[in-house]
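The two complexes that follow have chain A in common; it is paired with chain B in the first and with chain C in the second.
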Partner chain A sequence: MAEAHDRPPESFTLRLRRYDPESGEAPYWDEHTVELEPHRSVLEAILQARDRFDGSIGIRCSCRQAICGSCGVRVNGEPALACHTHLDAARTSAGTEGVIEIEPMGNMPVIKDLIVDMDAVHWKKVQRVTPWLLAKEPVPEREYLVSKESMVDVTQTMACIQCGACVSDCLAMEVDPGFIGPAALAKAYRFVGDPRDDEQRERLTDLAQDPHGIFDCTHCFKCVEACPKDVNPMGQIMRLRRIATSDQHIKDHNNGKRHEAAFTTLIKDNGLLWEAELLPRSYGGNSWFGKFAPSAGKELLSSLPAILKALVRGKVTPAGALKPHKIPREDLKAVQGIYEKVEGREQRYELNLYVTASDEEVSGNGASAAATGAPPSPAGEEPSAVAPPPVDPGPPSAAGPEGESAQVGAGEDAEPPTGAHADENSQEGDDS
Partner chain B sequence: MPAHDVLIIGAGLAGQRAALAAAQSGATVAIMSKVHPVRSHSVAAAGGINAAISVDDDWRSHAYDTVKGSDYLGDQDAIEVMCSEAPAEVMHLEHMGVTFHRNEAGEMDLRAFGGASLKRTAYVADITGQALLHVLYEQLMKHHESVERFEEWFTTSLLLDEEGRCAGVIARDVRTGRMEAFTAKNVILACGGAGQVYKPTTNGLIVTGDGIAMAYRAGAPLMDMEMVQYHPTCLVETGILITEGARGEGAHLLNSGGERFMEKSAPNKMELASRDVVSRAEQIEINEGRGVGPGGAGIFLDVTVVPRKRTLEALREIVNLGRDFAGVDITREPIMIRPGQHYIMGGVKTDVDGRTPIEGLYAAGEVACVSVHGGNRLGANSLLDTLIFGRRSGEHAAARAASMGMPKIDTLPALRSDAERIDAIISRPHEGRRVSEIKTELGEMMNQHAAVFRDEAGLQSALETIGRLREEADRAWIDDRGTVFNQDVLGALELGFLIDCAEATVVAAIERKESRGAQYRTDYPERDDAEWLKHIEVALGPDGPAVSYSAVTITQWEPEERKY
Partner chain C sequence: MKVAYWPGCVSRGFTPELHGSMAKVAPLLDIELVELDRACCTGAGVIAEHNQELADTLNARTFALAQQVPGAELMMNICSTCQGAQSECQERLDASAEYREHVNATLASEGLSYEKGLTNKNFLWLLVEEIGLDELRSRVRRPLTNLKVGPFYGCYIVRPRKRLGIDAEHPRDSYLHQVIDALGGTVIDYAGMRKCCGFPIITMNKEASLKQAGRHLGDAEDAEADCLVTPCPLCHLNLDLQQPLASGVVGRELNMPVLHLPQLVGLALGLDPKELGMGKHVVRPTSVIDWSASVVGAAA
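Let's look at the complex of A and B:
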């Protein structure tokens, strides 16, 4: 803490992507050098450039604390909130010259400079998912009685600030602009996961049947990385899928459910994916006979050019494609062990960042503080001050967060937790 | 030309709640905001919303705590309205979809908050404002056919008809620069406070007193403007807010000696005394050399005494704020904070239905002064204020609209005048000072002279500086000559609003020669009920701000000494 406050201002060079729609000119780069402490934010740097050098720099911003969601931009090519990105970190991730490049977000039309048209893309997609509670009747006189866990669970998606960072770099949306996308689908989970909502099945059916819906996501994790609020949009999309397929057994005509079943079955049987079998099963059903279904045949036929090209270029061989890949027996057993463990659970484990740390660790910490009544040390400040020894938060025990994350890491889809909170996962209660 | 029964300026909690209420009452409604509604500063409210919903609680207890918190300057009839209607309002929001934290029985959980005699604060982790705001916006999306939205439209002035009634507004489409006149039977101002008068402040950059200044210029009186709340826990460097929820969950305040110094000024409530009391106690520690950090300018907030799991679940946002904005893991070590400007209790004077003295003009939320907060607002009462009086304004305005025709007014002169005013700013020569320079000087000066401790000399010098800054602002220049998203020219308009708000604040602070609530005069350190148990109003006269008084409404609670 002490260092953060002691660091003197340094020079930072910003390269801003500018665009003036009234000039008739193409976008261009504009450089400014500012003086700020390295732990200050990229937004503060942009505002300093605006205040001192050029008041016409356009950027939406307000709160400066990552809660209003206005200042989504790309910093060195990656989506982020300008106010939530430290200058020293931005300089490290910049190119060799250390010049921090700031551009408008992607996947949305640019209005001016760093300002994009969120209505045209983001908000239209949010509107698509019926983004309001369809409350169960009758409405109680007081509050709905629902579990504590269920409300904490949907609070993770409630924490979305609609900044658009995930939309900016969604690869699926780049290919299919119609994709409902990470932010809007995370919003959808906020209702599907809300026990007060009466139309869970209707919502899921709608999102599963939409060709641009939950099965359009390609698991690229871009949105998970981009999200400044740990909403984990992709994780929410996967939860929508799991509830739609495993719990509600919704058979969608996008073959999402069949594809998922084929995928998991092939891995369970072979330890590795068997690509040649995946496609026909996704269409014709999850068994060896799937390929004889008319729809599978049709899809195979239409894929022939791609298959032939791959053969010609030596990317696949007929023998390699027609037989499953082999892995050592003990590895296959280990993979199947994961299936057994996960499928053997009474309840599904889901990632939720608001439910964290174990009770053991917590009571230890609280008790030690209460017992000694010792105030914490001023953390290196003012050596002359007479301060009692710091409260020891206690060593991370086996039951601590690290131990727990291993358990969760083996969860159903083996979802990696989001970066900053790798150690803070836990289980979550029933969805209903 | 757009014409509506009810036109709402500002789309935070008060504005959105007013819009929904007015639409439900059958009025044609438009809501206008200079930013997208979910960017409104209500989003930053963290800790929660007060309502006597527990079986052990009674709204009268909530009302008493509020009266006492206000240092008896709050109007008790208005406080009774707010507190008695709170439980139903909170339940209504729950039914709408707010994901309030639950207890083990599945009921809404309640947390402790400053100045409250028991746990009374419903919450959604520490993103309560965000949760409320986003859920209301869900409702606006749902009711998009009955509430017309003008998002990213900047209101430049209020339209008055020949009888002095409010009949609409002039506004600029930020995206295109187009000016437009909006006629309305009623206008509800719901565009927030004026935190940017101060630097630093916890308030967002958009919180520039637009509504307060526009109403003031239209002739509406401002009330309690001297009452400016300094929040006890803001990050030392950036002024970012650490929610009172942290202390509600049990966090301690410590000076450089590791002492819980609140023992001295509030032996019973300790860290959970009302905000004015805690901020003053902190400032005394800092001023007397018992602060921590560089220059001894801070105080330690120790959250490590709260169980870690509880912190991570219920105070997640400040865990992130500590990590991202101060490099501190608050679950493991104390964090350095200090008092910082946070809220203004004053605003446009209204009655309990949001009516200002100008017919057809309403105000609700931080822009307004009902006055339910008096000299000092209790934590978690502001969200409540926005919702209760937002709804009441919406309902009342809709009812009024039903009995009248659309105002007939020639909007062209006002439209032309505002357009010319903006063009004149854009074409000013590059002489004198930049808008941003003036704004910074204003903020830092106010934070020096009109802060936790005040005196005559400081306030007089502030008034003088404001006069000079006003002249400089009239000539200040900008860079952007475009029409699309010309934020530069809007900044110049906002600076004008800020200067009006600053002046009213300082004039009222000079006038009140006593110490009450957030106003602490070192030259008049005692509360003086005989002389000053009254509101100070500031209205714009021909020679600038003119001061008058109005009585404080007392119903059940006679003023007594305030102890925590």
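Let's look at the complex of A and C:
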């Protein structure tokens, strides 16, 4: 680091997207060249351009250390915190000319230049998910006592700094602006996963039934990639779906539960996907009779142009549509055995690498405590204590007190507890 | 080279031309395919959504089967979604010895065990990293001269970058560009090339799903692409099979052929369009592409 700081100032050219909706003028590009040390941030470069060349450049910022979430922009097309992006890195990711392109975030209206209207989109959606605790009664006189594991589970969503980078790049929102979106749904998991909250089922019912809710996520990983804090919003949405469908058995109007159940069952029955059966079951219900349900018939009718064309072209044959592909009988039995064993566990077993880190990242402790607590169990039950211990606890190691690997800097600004602490005395995992 | 070959489900179901064209192309590239016919579906993210450990165990079984193929250098798939779903499970399995043991305990009744460190590459990655672009170029018999091809990657094979091993040394999110170029075609960049085809929500929000497909197809048409190429059969379903419906949703005529990656490679290696199953597409490639004009310097 010291070396990087010793490097002399260099020239960096910024191409800024400028736009003032009140002016009536169209957006345009504006170029400025600034002089700064390469380890300085894109934000510092923008501020220098504003101070030296054009005081009217609009940029929002506050803390300048990647914690307030104010300076979200797009750098060379990718969402980023301007204060958390080094100039040399930005120049490397720029096009051949090395000009750093800076635009406002997407999916939100521009107020001026690089400032977008977070209230109109992001904060409105966060409000939508009731972002506060609906406490279990009776509220204790002093603090609630909950197991550590159950709170560690929600620390990943608590790391969110509300910068809007994930909202900016959400591809579902791009075609459906009503989609509640990654940031707000990650926030929803913050409370759905909190053992002190009393309304898990109500929250999930609401989010599953909303046509713009949890089943509107298109699973594109854009938010996972965009997030500067490793919140993994899409992963949180999948956890919301998992609890809504598997634990709360919520039957939504959006085919979410039916689709998941049909898919999972068809693989259990055949080993391979049977597309011709998956679609009608997703609409009509997860059984052979699903295709005869009125909703499946309606869907079939609306898809007729595509189906007929596929038949005419020989892409889909009647025999192929009516008969599933299967894996050999012995293998199918093995697959079904896996289903029975894993689904028969009293509690789901989930490995969250944000919480536990990988073997390589856990210094001096090749075999870390593997699983986090599963998400809290269905409403009505007490918050579950700990996930079942791994089958074989592995070799004893010089680990700290039990559960230490689950220690997380749980402040709202928590950096992921992964590699960060594993820098100095890490040693090889024991599993080479 | 010999590979443990995972074709996926859809390549043997609704896009049979994908599996078929891969089988035709492999010998021309000296790839020996040993099909993992005992393995089950990767879950495509849906089983992981239902139960993470179940998805991890089912895929660990596939990985273990691949590791048993004698002489196979690696495992290869032809589906972006398979790649993404498998990479996600493998990331967890490789991260923790303890978790791996836990999963392997379930596989033990079959005498299977997954050992950390399997190499699993989509055909696209294998083309660039194992066969090499120069070698590929040298085998071209029918350069795709004058053919303007828009790449369509599919989300699962470009994000998240770290999990998929995408970095400055391995710009896997640009490999389609490189392959099109090596085959003699012209790369057409357009807005949607690394966006979502919409397929995962086709049963949940059909309009939004088809709007995604329709927009990308329209963008590619505006950029004057002759056709698209994709390494993902699920993207192919939304972009080709559903194209007539997508056209209705976005309110514009669309006539954009979408080729599977092995089909595009096969064409350049001299195979006949029909052999590659192109007659099976909803939007026929032959309706747009003038093959006679594209055939330049055919050696056959």
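In this section, the second predicted complex is superposed on the first by the 292 of 432 C-alpha atoms of A that agree within 3 Å, B and C clash if a C-alpha of one lies under 4 Å from a C-alpha of the other, contacts with A are read in each partner's own complex, and residues count from 1 in each chain.
Following the convention adopted for this analysis, contacts are C-beta pairs under 8 Å (C-beta built on N, C-alpha and C of every residue); 3 or more make two chains touch, one makes a residue touch a chain.
As the structure is a prediction and not an experimental result, all values here were calculated from the model.
> Is A:Asp269 touching the first partner chain B, the second partner chain C, both, or neither of them?
So A:Asp269 meets neither chain B nor chain C here.
> Under the stated touch criterion, which partner chain does A:Glu10 make contact with: chain B (first), chain C (second), both, or neither?
Neither: A:Glu10 stays clear of chain B and chain C.
> Check the residue A:Gln127 against both partner chains and state whether it touches chain B (first), chain C (second), both, or neither.
first
> Between chain B (first) and chain C (second), which, if any, makes contact with A:Asp88: first, second, both or neither?
Neither: A:Asp88 stays clear of chain B and chain C.
> One more residue to check, A:His39. First (chain B), second (chain C), both or neither?
In the superposed model, A:His39 contacts chain B only, not chain C.
> With the two structures laid over each other on chain A, which partner does A:Ala135 touch: chain B (first), chain C (second), both, or neither?
A:Ala135 contacts chain B only, not chain C.
> Who does A:Glu199 touch here: chain B (first), chain C (second), both, or neither?
neither
> Check chain A for residues that touch chain B in one structure and chain C in the other, and list them.
Residues 353, 356-359, 366, 369-370, 390-391, 393, which sit in both footprints.
> Quick one: in the complex, what on chain B touches chain A?
It is residues 35-36, 38-41, 43-44, 53, 91, 94-97, 99-109, 124-125, 127, 130-131, 134-135, 138-139, 141-142, 151, 175, 204-207, 236-238, 240-241, 252, 254, 256-260, 292-294, 296, 300, 302, 304-310, 312-313, 316-317, 320-321, 324-328, 331-336, 434-437, 440, 478-488, 491 of chain B that touch chain A.
> Across the complex, what residues on chain A touch chain C?
Within the complex, chain A touches chain C at residues 171-172, 174-176, 179, 211, 215-222, 224-225, 238, 241-242, 245-246, 254-256, 259-260, 263-264, 267, 271-276, 279, 282-283, 302-303, 305-306, 309-310, 313-316, 320, 325, 327-328, 331-332, 334-335, 337-339, 341-343, 345, 348-351, 353, 356-360, 366-371, 390-394, 429-432.
> So in the complex, which bits of chain A are touching chain B?
Touch list, chain A to chain B: 1, 3-6, 20-22, 39, 50-52, 54-56, 58, 60-70, 84, 86, 111-113, 115, 118-119, 126-127, 131-133, 135, 139-148, 150-152, 154-155, 158-159, 161-162, 190-191, 194, 196, 353-359, 361-363, 365-366, 369-370, 375-379, 381-382, 385-388, 390-391, 393, 424.
> Please give the residue numbers of chain C that touch chain A in the complex, ascending.
9-10, 12-17, 37-41, 43-54, 56-58, 61, 84, 91-92, 94-102, 105-107, 109-110, 116, 155-156, 159-161, 195-196, 198, 200-201, 203-205, 208-209, 211-212, 215, 241-242, 244-245, 279-282
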